[in-house]
Every structure is written in structure tokens, then in C-alpha cells.
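Across the two complexes that follow, chain A remains constant while its partner is chain B and subsequently chain C.
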Partner chain A sequence: MNRKTFTATIKTDFTALEDIGTAVREFLTAAQVGGEAAYKIELALEEMVTNVIKYGYDVPDDANSVTVTVSLLPDRIVLAIADTGHEFNPLLAAPPDTAGGLDERPIGGVGIHLTRKMTDAMTYSRHNGRNLLSITVKLTP
Partner chain B sequence: MHLKVEAQDSRYILLVLSGRLDMAGVREVEIAFAENTSGADRTVLVDMTEVPFVASMGVRMLLSAAKRLHGSGKRVVLINIDAMVMEVLKMSGVESLFDFAADRETALSRLP
Partner chain C sequence: MEITQQQSDGIAIIALDGRLDAVTSADAEREFNSVLDSGREKLLIDLSHLEYISSAGLRILLVVAKRVQQKGGKIALNGLTTGVREVFEISGFSAIFKIFDRRDDALEFFKG
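Presenting the complex of A and B:
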């Protein structure tokens, strides 16, 4: 069977992130998506779910969750991430200052910026108390 | 994720990383990485041959060594880095903070 969609809902902890990272890699490998496109999707998943785990919820709770969907289309891959955490639009996050010298360079805070630069499109919306993030990576023939 | 100290003397330390430098991978090696890149001001060589993936947490870990060396005149040299990992460093705006070498011999021949 040639699966075109992967979806899973996980708890907001780093063990769950590691597990879903492995599952998405296996899904992409089975669909014969490798190389740059696979790297970009894996990177976006890692960075954006890390953000939800770190900042999405004030109190750890088993009810906190993130739903990840990866859809394979003929010309692109779409990664959708939905969570019920604090309203957060990554498109409005200020880019880190990478122009300064080494001493001024802040450590961290580059995940969102990096994901936006490495992927082809990112959209955000908020509906019924859920953050809905959609990230597109084009497939080159 | 594994970190191995392959060789060292007063001028350098050669670390070999293997595995994915994502959140999980960084958590496994960051303490050992910090211990081996602190204290002595010597060139840090990191063989990246077996690192197919680096996320921002991995960039942060590698950058921490460059920051510790800053002002000493010594550098962090990343050896045999994957093309997409290089792209991540460029897009993070940090590639100029590292040196790069195609292989260990080249890196060792350039030691200050």
C-alpha cells in the first residue's frame, strides 16, 4: 500500500518528539522521499514541535497534545502541526540578530527562523483554541 | 548519538560525533561535548562524517565550543560535513564562525 498521509497525535514531551521523528522518517523513506526534502520536513517537525513542548503549555499535563500530519502531494510535502497551547504565531516571531559578531550572538532562538529559511511556505491560523501551522516543502523532480 | 575522543595533544582535540544532532541527540552528548571543549585553549576538530542531521539545538551545541574559544585565536574545525548540514549552518548565519576541512589529514595539517 502506498500511503500518502501520515498522522499521529503525541504528548508534549521530548520522548514523544523523538518517537514521532523516527515514525515520520520511516514514512518518508517508505514513500521514497529522501535527501533535501526529507531533511527539511524532519527539521521543521523537530523545530516547531520543540517550540510547542517548550512554550505551548504552562503546566505539564497528559491532556496536552500535538497532532502532526504529513501529506505527500505530487509536487510538494505539507507538514501540518496542530496544538491547543497558548496562541502563538511563529510568522510574527522576530528574527534573531545574526549580523553581530560571535560575542553578541545569542545562543538558541534560531529554530523558527531556520525553519522558515529552509522551507518554501509557512501559514498559521488559530481556530477553536488551536494553533494550526502548515509548512510546505517543494519536491524537485 | 555518540561522542568519542579520538586523539588529542596540547594543540588540539579530535572529537568524533555519530548520530543525529537533534534535541534527543544533543541531550545525549552535550555534557561530554562541553567537558571536552572547555578549559584548554586548543583547536577543536569535530569529525562530522557520521552526522547526517543537525537541527538548531545541534547548531547551538557546536556554536558553544566556538564561543568558548573566542579570543584564544583557536577555532572549531568541522570535518567532512554533510551538504544539508552546511546549508543549516549557512541559514543560521553561523558558518563564518567555524572552519571546515574535507578530511582529518587536512584538518591536522592546518593546525596553528
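Presenting the complex of A and C:
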């Protein structure tokens, strides 16, 4: 029997990100979700959790955490990311200029842009001191 | 992530196998820097076995490309897989890099 929901709360460091990335991949593989949809979820997870790790908290503390939930529905996957870090709405981030050549391109700044373009829907809310991000990737039959 | 290096007619060919992400990109950056530090100016990065790249991976490739350009060298990529290609297109990286399907075609580019 396939599990339909995966959830885990992790510390905000890159070792934890690696572990949860692997766990989510295994969950998707077990549910026979691969290819493009799996890539998009993995990317959204990495980009958004990386932002929380880098900018969410001023002081490293074992109490800092991110909760990740992946829900598998018949026609879509929903990735929910919740953290108690600084208020940050990625939907308000200015898109980078992706038209420049090598000289003009600054290093970095494309993670949110990639996530927004590669997924089908993204919603953000701030509730009780928590950032709640919900990202949808449609499953094509 | 596995990184394999070989030389062909003065071109350093670096093949990336696996995932280039926030976790593995530091290793890849060290490898690229050691190649550039050894005086190589022509770099072909073979991505035909790279199954995943994120913005952290793109960042490393951009840093390498800028270094190569400063040295007056040349850089090319080959063999982008489906997901990797989509990431390159959305980020505008398809326009920054010379990208070839096959390694042989990319090697020709360095001769020109």
C-alpha cells in the first residue's frame, strides 16, 4: 500500500536538507511518481528550504526548524513548507533579469524564479509567527 | 555525485554524474577550481549523466564560466537531460553557455 502523505520536521542545516531530499525522493519513487513531476518537487523543496536555512534565522539554534509535508493527490502533488523564521513571502521577490549575457549575469538569485516557473501554483501565508508556503505540481496522466 | 576528468587535445573534459545541488556543488566547485588553477583554459562539461541541477548548481557553473572568460578561455556544455534543460531555459543559462547535444560536436567547437 502506498502512503499518500510524507511529513518531517528538520533542523535548518544542509545535512538535514540532504536527508529530507533523499526521503522525499524515496517517497515519490514508492508512489511511482518520477520524471518531471518528481524533479519539480525536489527542486521546489531544495530552493525553498535553502532560503530558510540561509536567511530564515539570525542565530543558528537547534530549535530552528522547518516542517515539510508532501501530499499525493490523484491529480497533483502539494508540497507544504512551514517555518518560524523571519517573515518572508517568496511571491513578492523581484524576478531576476534572465536575459543578460555572461558579463551581466550576477551570481545567484534564480532559486525562487525557477521554483515559480516550474511549479503550477504557489501560495504564501503568515500565521501565528509561521511562514506557510504551499506549492502545487500537477500530475499529467 | 561523481566527477570524472579527462584530457583531449588540450581540452579538459569534466563529466558530472548524479546531482548538482546545494549539497554536492561545493565538491564540484573545488574540482573545477583545481582544473582552472592547473592552467587549463578550455573546459568541456559533459552533463549527459547529470540527472538534477538546482540554482546552487547553476551558481557554480556561472562562477566557472566567469573565471574561464577572465582567462580568455573557452567553455562549453553537452548532453543536457530533460529536467536540466528546462532549468537552463527558465534561468536564461541556455543563452550564456554554448550547448551541444553530443560530446563530439562540442569538441569541434574548441577547434574553431
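The criterion applied here is as follows: the second predicted complex is superposed on the first by the 141 of 141 C-alpha atoms of A that agree within 3 Å, B and C clash if a C-alpha of one lies under 4 Å from a C-alpha of the other, contacts with A are read in each partner's own complex, and residues count from 1 in each chain.
Methods note: contacts are C-beta pairs under 8 Å (C-beta built on N, C-alpha and C of every residue); 3 or more make two chains touch, one makes a residue touch a chain.
Predicted model only: the values in this text are computed from it and were never measured.
Annotation: superposed three-chain arrangement on chain A; chain B versus chain C shows a clash.
In the overlay built on the shared chain, the residue A:Gly34 is in contact with neither chain B nor chain C. Looking at the shared chain after the overlay, A:Leu43 reaches both chain B and chain C. When the shared chain is aligned, no partner comes close enough to touch A:Pro60: not chain B, not chain C. Residue overlap on chain A between the chain B contacts of one complex and the chain C contacts of the other covers 14, 17-18, 21, 35-36, 39, 42-43, 46-47, 50, 98-99, 102-103, 105, 107-108, 110-111, 113-114, 117-118. Interface residues of chain A, counted against chain B in their complex, comprise 14, 17-18, 21, 35-36, 39, 42-43, 46-47, 50, 96, 98-99, 102-103, 105, 107-108, 110-111, 113-114, 117-118.
Contacts from chain B toward chain A in the complex involve residues 22-24, 27, 53, 55-57, 59-60, 63-64, 66-67, 70, 84, 87-88, 91-94, 97. Residues 14, 17-18, 21, 35-36, 39, 42-43, 46-47, 50, 98-103, 105, 107-108, 110-111, 113-114, 117-118 of chain A are the ones touching chain C in the complex. The touching residues of chain C, when paired with chain A in their complex, are 21-23, 52, 54-56, 58-59, 62-63, 65-66, 69, 82-83, 86-87, 90-92, 95-96.
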